[in-house]
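Attaching a single structure in structure tokens format; questions to follow.
Should a chain be cited, it is by its letter among A, B, C and D, assigned in written order, with residues numbered from 1 in that chain.
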């Protein structure tokens, strides 16, 4: 990627953050209903500060910060960059205003473009590599923007819609195929990113893992299938749940996935296009690891490991193109029937729609070393007490995912687009 | 007060709420940094819903609510009016937007004006009485708007100023008079509101209290005097503090009044006109009851009772006119020197500047009966575990206060304009 | 009181603490089920350390502490005596053992007796005064021992009984007299302790208060009367409750007084003699201020002020003798019928049975000054956010009470023997 | 194992629980200073109830519970056996008394012995298998008894000693060997228990794992080595810590391992024989996963995986005999020099002394299925958010451990005997 290509890529990614926020009112930008959910304004500022801290401040002589307090306000968790506002206090700040934040964005964008053009050739290779990382970082925040906006709207009793109902692209629906289990042979596999493009350090080193024979479901678990679990009393029977999961169910009063609501005996689901009748054929989403695991237990199956998932995806030669990602503007997982026109492969919905919980803990690959400095805080320090998800979702950009991509969340988190694919021993 | 007078009064009060918010950015309207501090938008909506619930809904046949969810969103604590959002969640709502809330205000204002003109003569007397109560209610929220805005700005690391420094009215400063103690004779006094105008039910019945001979300080405690307490180690010595107060000091890490800040060895104070050097002659403000009591203890004095305060104020024939109230647009307590041109009386700063903590618990007067229905929830149900304050502040409207006015807060609250006047036994 | 009288008084009081603990198993001495309830062992140690800190350590040259860590372990809240174990951690200590604590008691008792005999005549008057205070302090802890033991036993699912059911003294029961209201004339009264005996500093100075004409119920509210409130839905209707009270009812899930239990449609009450059928004629007990106030509100009455209570008690010439105090070993309030043989007065049950909530905040009397030093921490620093109770209970020693005695508790506390007497305006 | 052998084994294990408690005072049995630490009495009761619930109640016709409330009081977390006391309330119960609990133990022991003798031959094989499981369960609680007693004594300011200092077996100390890294070759290994004896279900199925070449330290990390980390500022530098670990360090104020204490510039350690000078050559213990990982990070090494640990232990042909287990009555990890007389092998201290943290999450082995019924609650439901430890400790019985044994704890727990062995990639 040369300088002008990087500039175009940079501008394209920057624009997506702004596109996502375009439907918002000013008030929507400042709310933090729970600690996990940041104000959209904060995401916009944070993804600008990130370039300032990593590039402008380091590479431009005598650079003076755009604003002396923005590092405090917009730093997320980088101890290397000093003190910062407590995570649960991001929603206590009305200033900088949305407009000031947008001006900050514009200023950073402009200076970054200039830096891309002018940086010394000697520094170019590493600079380019880190800019691409920073753009992937911004893309992660774009997914968070969508899921945080959804949460903000869902907790409001007025139930505003992010987009008008009916504005989604037309789809043609085929019948839902039965769930089937595809066989994959065991053996020693190489796991991890092997290409030439961008990858996160947590996808490397490529290393060997022994994978036993296994079977993987040809498609995601649907709302209808999950509803059977709910209505069979799954949320009232400890036997299906991990101990911590059962404590969570009781403490939080969970009775169904996040955003499900029963009105006059019928199930509805809050979406980015407002409250809608639950589509029994669409993939279930917004479930925690605890719920995914309990559903698998109730079903007599299990979740796949991340290695199994990767082996299957590689065997099927999957590519992100065509998946239900951000780019398709559905902003919700789609019933498999919608996709069948496009994808004849036996293994459906692996990429896009929902992140798929695996039963693998998020831990370093064999040989992984955390890099020194701020970028070492990016991934390595979170490698504990989280589980891996694979595949990307309807809120992920298509060019931000890979079959080796390791997403990770704590086991009780539900506000991302997360779903379930079942597996069995082979 | 006839119909057109009430209309003018009504419109005048309504306008003040909007005037107070005029300097805000949209983002400032939605923040709730702590439970006590509501988003300005919420105050604007709440003070509109209040008329709808009390008048429009009750008196207009087939009245249909402006919006079906606003009662839930804008009810504060009226159990009589049904369920409502939890108090600490007011800052989780981006909608209704500020503009929608303003439209709601305008619609309510218009319908109320029409109702004032058209209501049946038979219902007029009680209606008028309750409208005046509701306007006083809105005036209370105007004071809260100012103190909540101050808190919102103060917690922001960017430290925005509500009004530009230097925008305050010019004042001519005389030397600060010494603190002197004025004598008041004891005896059986009638306490409570005796006039013909508006009063809250908690100011009645007029009843007898025995008051001992007492002495009351001629002016408020100043920042300079309070700073002596701070610098003498007052916040590190348990001996001056009530037990609950000492626990609070340790738990909250209090070292000075709210909004005081020591920078390079010098004390500053955050005001509605930004951070300013501490004015040693201005009255201390933003102290809790615990701090007021500890300061009095350290000084070898005590706080006055509310009866003493009322007896002294009545003896001095004080009137709100001329006091440093909202109307004077200082938005901060003023040094006594500023007032001396206008007020030759020996007893200074009783009305306006800061609410003065008394050592009286907020309890019903002899013979008090809580009224039935929602208005019974206005005052009576809070008569426990709070202390009475008297006199109004620089954030109170001059026509909203009286010498019999009983304000009340929990003993640890500091975000109102609250100060200290000392007393002694006679 | 001369030296040998003081010795006898001292030994008599010390013995009561041990008598109260005699029925306990070792294990019962170490439990702290909630912060308010201290382990019995702690009370025994604390009331010994108190003499050591106040007398032995101050008056015996070169006195060396019985154990270097006991001041830390057994200090309650005396900042003057240095750091101490956190209040909620008293139940984390298995050592000193019960036996070691008893040895500590015995050693302190012996040294105190010696000191009483030998102290210099010049120091005798103040010493005697303070020893009597310290004995009253121990008597307060004797009441706490009984109520804490009751709580410890009540929270145990095995429901052990402190004393065997049926072990109470025989009583002859007359019919319950109707509740009547006795009239008392208003005027300026002298309030506070006026005798020559022992009193706490908070009962002084004697000072004037204006008391309006009032009526006071001739007896306590009974379980039967309170049950009517419970069964009329009193705990489900916000209208009777102070706002803080209603929050407490909801948060704690209160449905009846502490220790009431409904089994197969019938009400039971846990007592120091185990679970017993609710006696409809016995006074209701273990109610918080919130409940007492709500019951009065529901009844169309109010609670008396502490001045009214004192005026009435003085008018009736009441004496503690004969009341249902600790000395009678009932350990539970008795139906009025039981007392009628002994007390023909019209105003019943004022002394003993249960502490009676008044609507008076616990604040200093006019002219009150906190003394310097540790004894200044005894009463004065608690004069905030508590309400006054009067009259003593079945767990109070008869020689520990007076009609001027001011007990005080926070408004949500229920584990003491606290009940209700109603009043009306005159 | 035939019936009389099982009886002897049963009686031997039962006795150990009682031996462990023999040095305690009655008071020590009832304390629960933090939720993790149960009262010793509870362990004694729980390990008796366990046999009653699993065997007596199921296998003896018309069996009636020893006490109707003991199931509630002594059930730990078995949902299958109904409601039970909240985990953090075990320390609120003074009854059943220690003596009653001992009588319960004796009664259960007797009935179990009888059942072992008399149970129907048809049921014998499964019964024997489950009794052996239940005995291993009791052995786990024996380890908890020792670590809970240690915590109870350590939190007491009197610092009682469980055993007298100097009562440990005499040891001969050789010089501490240098830390060296032993090489192990990679490949596909069979992991899991392959013998004929007892194992927990989580050690099975035997399954393949690919293990890369690795190096394992020949001995445990010592106090001296860990002290270097502490004194180099390891607890003040975020760079070495996982993000959750760093939050824990700050929140809990950790500055060194649990039980370390700096007195006059010298490090001490609280042990089951009281406070002792830190032995620089003894293995560090009472560290959390976070601390073990941070130390490894600071050292430029890593923790081993559980597979690596098992591969190395199997390669070395290790046997529990001779290790520093409960049986040797040291009750504290020993310097390696002490062992050298006995163990010439190159890989030291693998078994006994301290549990060794691995970097492996506690998750099911390939093919693992949770069994139905109460025994399914034993291990499977905890397979989330915990890390595996290997090797047993000085508080583990020698006949309770195996090289395939998987112990597991949350990453912030420190009160067990847990230490560190470092590894490197090969």
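The rule we apply is simple: a contact is a pair of C-beta atoms (placed from the backbone, for glycine too) under 8 Å apart; a residue touches a chain by one contact, two chains touch by 3 or more.
The shown structure was predicted, so the numbers you read here are calculated from the model rather than taken from an experiment.
Chains in contact with chain A and with chain D: which ones?
Under the touch definition, chain A and chain D have no mutual neighbours whatsoever.
Pick from B-C, A-B or C-D: which interface has over half of its contact pairs in common with A-D?
Checked against A-D: the matching pair is B-C.
Measuring between Cα centroids, which chain is at the maximum distance from chain C?
A
Report the inter-centroid distance (CA atoms only) between chain A and chain B in whole Å.
About 47 Å separates the centre of chain A from that of chain B.
Centroid from C-alpha atoms only, then distance chain A to chain C, rounded to Å. What do you get?
Taking the mean C-alpha position of each chain, the two centres sit 60 Å apart.
For chain B and chain C, let me know how many angstrom lie between their CA-based centres, rounded off.
That gives a centre separation of 38 Å.
Could you say which residues in chain B touch two or more other chains, in rising order?
Not one residue of chain B touches more than one other chain, so the list is empty.
Every pair of chains that touch: which are they?
A-B, A-D, B-C, C-D
Which residues of chain D touch chain C in the complex?
25-33, 41, 67, 69, 72-73, 85, 89, 91-98, 152, 155-158, 160
Touching residues of chain B toward chain C in the complex: what are they?
Interface residues on chain B, with respect to chain C: 77, 79, 188, 207-210, 212, 238-239, 241-246, 289, 293, 297, 359-361, 363-364, 366-367, 370, 376-377, 381-385, 411, 425.
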